[in-house]
Amino acid sequence: MSKLGVGVIGVGEMGKRHAENLARLVPKARLVGVADTNLERARSAAQELEVEHYYNNAEALVARLDVQAVVIATPAKFHPPAIQVAALAGKHIFCEKPLALTLEEADAALEAVRHAGVSLQLGFMRRYDPAYAQAKKSIAAGEIGEPIIFKSIGRDTEAPPLAYFESGWNGTLFHDNTVHDFDLARWLMGDEVIEVHTYAAARALPQLAPLGLFDSGVVNLRFTHGSIGNIESFLDARYGYDVRTEIVGTKGTIQVGSLGDTPVQVLAHSECWRHTVNHFLVRFADAYVLEMRDFVDTITSDRLPQVTGLDGRQALAVVLAAERSFRESRPVQVAAPALRAAPEHT
Amino acid sequence: MSKLGVGVIGVGEMGKRHAENLARLVPKARLVGVADTNLERARSAAQELEVEHYYNNAEALVARLDVQAVVIATPAKFHPPAIQVAALAGKHIFCEKPLALTLEEADAALEAVRHAGVSLQLGFMRRYDPAYAQAKKSIAAGEIGEPIIFKSIGRDTEAPPLAYFESGWNGTLFHDNTVHDFDLARWLMGDEVIEVHTYAAARALPQLAPLGLFDSGVVNLRFTHGSIGNIESFLDARYGYDVRTEIVGTKGTIQVGSLGDTPVQVLAHSECWRHTVNHFLVRFADAYVLEMRDFVDTITSDRLPQVTGLDGRQALAVVLAAERSFRESRPVQVAAPALRAAPEHT
Amino acid sequence: MSKLGVGVIGVGEMGKRHAENLARLVPKARLVGVADTNLERARSAAQELEVEHYYNNAEALVARLDVQAVVIATPAKFHPPAIQVAALAGKHIFCEKPLALTLEEADAALEAVRHAGVSLQLGFMRRYDPAYAQAKKSIAAGEIGEPIIFKSIGRDTEAPPLAYFESGWNGTLFHDNTVHDFDLARWLMGDEVIEVHTYAAARALPQLAPLGLFDSGVVNLRFTHGSIGNIESFLDARYGYDVRTEIVGTKGTIQVGSLGDTPVQVLAHSECWRHTVNHFLVRFADAYVLEMRDFVDTITSDRLPQVTGLDGRQALAVVLAAERSFRESRPVQVAAPALRAAPEHT
Amino acid sequence: MSKLGVGVIGVGEMGKRHAENLARLVPKARLVGVADTNLERARSAAQELEVEHYYNNAEALVARLDVQAVVIATPAKFHPPAIQVAALAGKHIFCEKPLALTLEEADAALEAVRHAGVSLQLGFMRRYDPAYAQAKKSIAAGEIGEPIIFKSIGRDTEAPPLAYFESGWNGTLFHDNTVHDFDLARWLMGDEVIEVHTYAAARALPQLAPLGLFDSGVVNLRFTHGSIGNIESFLDARYGYDVRTEIVGTKGTIQVGSLGDTPVQVLAHSECWRHTVNHFLVRFADAYVLEMRDFVDTITSDRLPQVTGLDGRQALAVVLAAERSFRESRPVQVAAPALRAAPEHT
């Protein structure tokens, strides 16, 4: 069996990890090369992962005949153009979240994918996390009855530097973090969010306020079938990386999430304490591997992806409604998918 | 030292517990008698607690010269008239939450208390819970920096029978349960809630919908100084009685809450499991004792109560705003306290 | 219904608690009086608990006609003479653990009880702890199959002052602490310990070594039916009061024990921490109440006690074998009960 | 930099994992080939890991010039001959635990290693587990004062089939499992075990008794400097794979160990439950990778291994004393290392 040739576009922290996983832990894939606007970063990643080819632009990488699929891990603003470049070249695509910063760009990218007839998978890796996957299965098995309340918390250990926000490349807290929870909400509830209400603030990082950004937010959710929910996001928790989700059902509740870095507990001075997880690459290490394997399997077996472009588009629609609710101080309805948006892989 | 003579008005589940605590675990108090519109219930409680006097009306109990203070634990609708009866008789008052079902009734009751110059303490017993008390102390000590996000969950094990709701005596879920979390929000954040947004539903108990009631709700909070938050309430969790609060600060986070009924864990069949707490009288047993002791101490030492009538009034104001937000599908501002409402004990 | 008149002999920390529980939380009992060789301590306890009678000797207390039962909570060395005084006066007896410091004294005390025809209950309060009681029930229900390994840990927060050990009144660590675990071993396994092997040390409190005492010990256990086990005891854990038991069965395992003082968790500085329990009167507060109630019920309903003198005698036999194993550096068999020791209440 | 050529001898469950890690996750190593007496198993592993060379005997593998080091993961009985074959060929060696089944074979193997001047590392992977490594560091940093009690529990999910025991290739429970805890005892306490006492039983798997084997054991430990301890092992826990260690010190205690498979908790029917870990390859996945990396680094940088042949020899000495204690029903002293055994790598 020949292996699927894959290229990685953008080898910052996240793209580097995808490249490592492809090179080492996805037996059916072969990492062919990497591209990054920072050529030195591309070169260094290529060397470390022992691949020959590296480029300072996506076009050169997707032009290679031995590249059948690409992983896009650039800043969010550049996801849609990278998708279009790859689609045009007829390559299958894995794209990190969020799909785009605006619905217009998202729809344009989906249109390009549809036109090219390639596969597109979105990087909602939590769906591959063994804990979340088990929760999904438990709900499907009826362990908690009918799910009626969705709760989620996502807290980052430490905010990135101000330049990260000033670039405008990553959107708001909702684009960058909460989008994961919006995807979980849709996936675990088996329902669509139709309206949201947001309070947000910039009290831990007041320097975000002049940029129109916020460090924390609480988003109330209303679903099509009447379920309700709330998501809290915060990007400077300090104590660790803390992602927790809870689905309340008519017969019981499922909780996903834990903070234990290592199973060590120290007991002294009338207290017991343990270290916390501090990075998403630690908490979701397995999920990223499983996600990449599934991406490759999807293509080699010509299946539809489990996490589609439409999933990316709808999570983004919730992001934008939540942001607008913040700006307009009122509940905002979530934009329904354009009719043509449905089956992007035929 | 002579003991403070106390009477209990309403000896249902909650009032009975207060009476027991007064009779056995509050050395400075003497339980003088009990009153309940159900005379048989009053008689039975009196017999069990070995007090001579029981009545089928509050008036007779407060008329006794050896009663210096009363505990009111009737259904919520009857709190204001009971407060007025007791205040008129010059008795100090402990009143269960909520203070009233409407602000008008609350303000009338507070006016009666002010006019009579008696003490009024509200039954927000969580403030006396060792865990919540420790959280308050930790926040005051700066352990988490400045508090910026308030989260709370309150889930009851099982909904009361439909008649409980049909009576109209207990208001909505927000009057009956969430009022505790609204009080915690004010107390732990050291700030006032100024606006709320609510989604609520009746999916577990659809029979509530025709009554205009709901079984679950998520309430977004905005505070005066810019903090934000969310409270979830549910009255039919099935798995147990689950109260959890989390305060996120600029330097760390405090969590209060646990489910462990008894510290027993069974490991078998690839799983480990433990029983859950299923009743507030279990979870907050200590809090109720400490609360009663403080109520008695407050009076015998002529101090101001730690949980005032104004606290009851403001928590109710948030309840009413949250309910209105549900009915009007928009964020609603919280009514500010009437100016005269301030010092009710002089 | 008239109440059972009870006197308490020895009102140090433990006896004081029993007296409080009898006065306040055991409705069927009436605390008649207390005795303590320290008259001032007796007087002060009597005053606080509002009983008239206090004495500086047990004889005076048991001579009272309105005393039908006594609780003995003196230092261990004085348990047997106190039992004999009470039995001679025809009073029913609750005696704290251990029954005695030697088997000879234990057997003499049991003989006096048998001769007097009174009831004797031993103070193994863990059997009344809701968690341990649930474990017992789970085992009986077959949840873990057949129990085959018994493990237990008992650690005190802080060692008492040296004078406590120098008095010789309390025996070794095994008499004072481990005796609880030996009782649990017999009760939860439904089997007798027949042989033990001990290593013990005095490394945290080297001042105990010259007294022939130790601060810590590990005791291997062998049971009649072939089960095995181990108990660890330590009297200076510093971090808190930590009692944990685990029973491994052929189908699963049950764990009893937890350290959480209050359900508060603080997350900051890459760590999460919580306070620990630091006293047995906190950890076992409920057990002590339930134990006293059962003692009183046993007498008023003329039942056999659930924790008998023979239980006290056999736990002591294991204590003595464990101590001897330490002194003789070899496994030691546990003395079988004298044949006549069986039914002490007829 | 050229990579270290490594061959793996024995590709059952454990050897297969080492081979995978070498092939994918140890960048400085190159997996050259595998050997297994079962040629088909060797072939299949080679194919899956995409290496060309596979053999049905160790001799052929070690004869390759491009093999500089070997990993031995045969049944325990064949560790010493495999070590001798590899040493004779001048290859550096990583050997799974236990070093051997008897001290004589162990010493002969160590002698061969010493004579050949090659490096030998023993497979005590727990030392590489992040949790155990953190515990070691905390102890070294004085967080718990002086360590005085060592406790450890090791329970396997399910016993292997009877043939595994009948072969005689793996020794007793102490050789196969407890040897890990004996190594931890030496490493974490920084001290040698000098005497042990054992009770063991075959109540869950009575079919082991006729083979002179046991399914469970409790081993009391005494250390050179006076510390004490206990280790419990069980090979059929059913509920999961459960490894926990606790070191009690004069100022505090450290606990290592947890059961959580995935951080999912289900709450329903008055209970909360979670799945357990069920395999050592899951619990110690990271440790096995870190261990292999360190093995390769040790050789390429010409350092002494962190886990030496002597460590393997001393853990085995404790194993044999524990087994003898079981057979002779008495405490048994641990054989001191032969004087010449000390520095095996010069």
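Read from first to last, the chains carry the letters A, B, C and D; within each, the first residue is number 1.
Criterion: a contact is a pair of C-beta atoms (placed from the backbone, for glycine too) under 8 Å apart; a residue touches a chain by one contact, two chains touch by 3 or more.
Here the structure is a predicted model, which is why all the values come from computation and not from measurement.
When each chain is reduced to the average of its Cα atoms, A sits farthest from subunit C. Contact count check for A-D and A-C (C-beta pairs in contact): higher for A-D. Taking the mean of the C-alpha atoms as each chain's centre, subunit A and subunit D sit 39 Å apart. Per-chain CA centroids place subunit A at a distance of 57 Å from subunit C. Each of the following residues of subunit A touches two or more other chains: 237-239, 242, 251-253, 267-269, 275.
By the touch criterion given at the top, residues 24-25, 27, 48, 130-131, 134-135, 138, 143-144, 251-258, 260-269, 275 of subunit A touch subunit D in their complex.
Interface of subunit D with subunit C (complex): residues 146, 148-149, 151, 153, 155, 197-201, 203-204, 216-222, 226-230, 232, 234, 236-239, 242, 248, 250-253, 329-331.
Against subunit A, the residues of subunit C that register as touching in their complex are 237-240, 242, 259, 267-276, 278.
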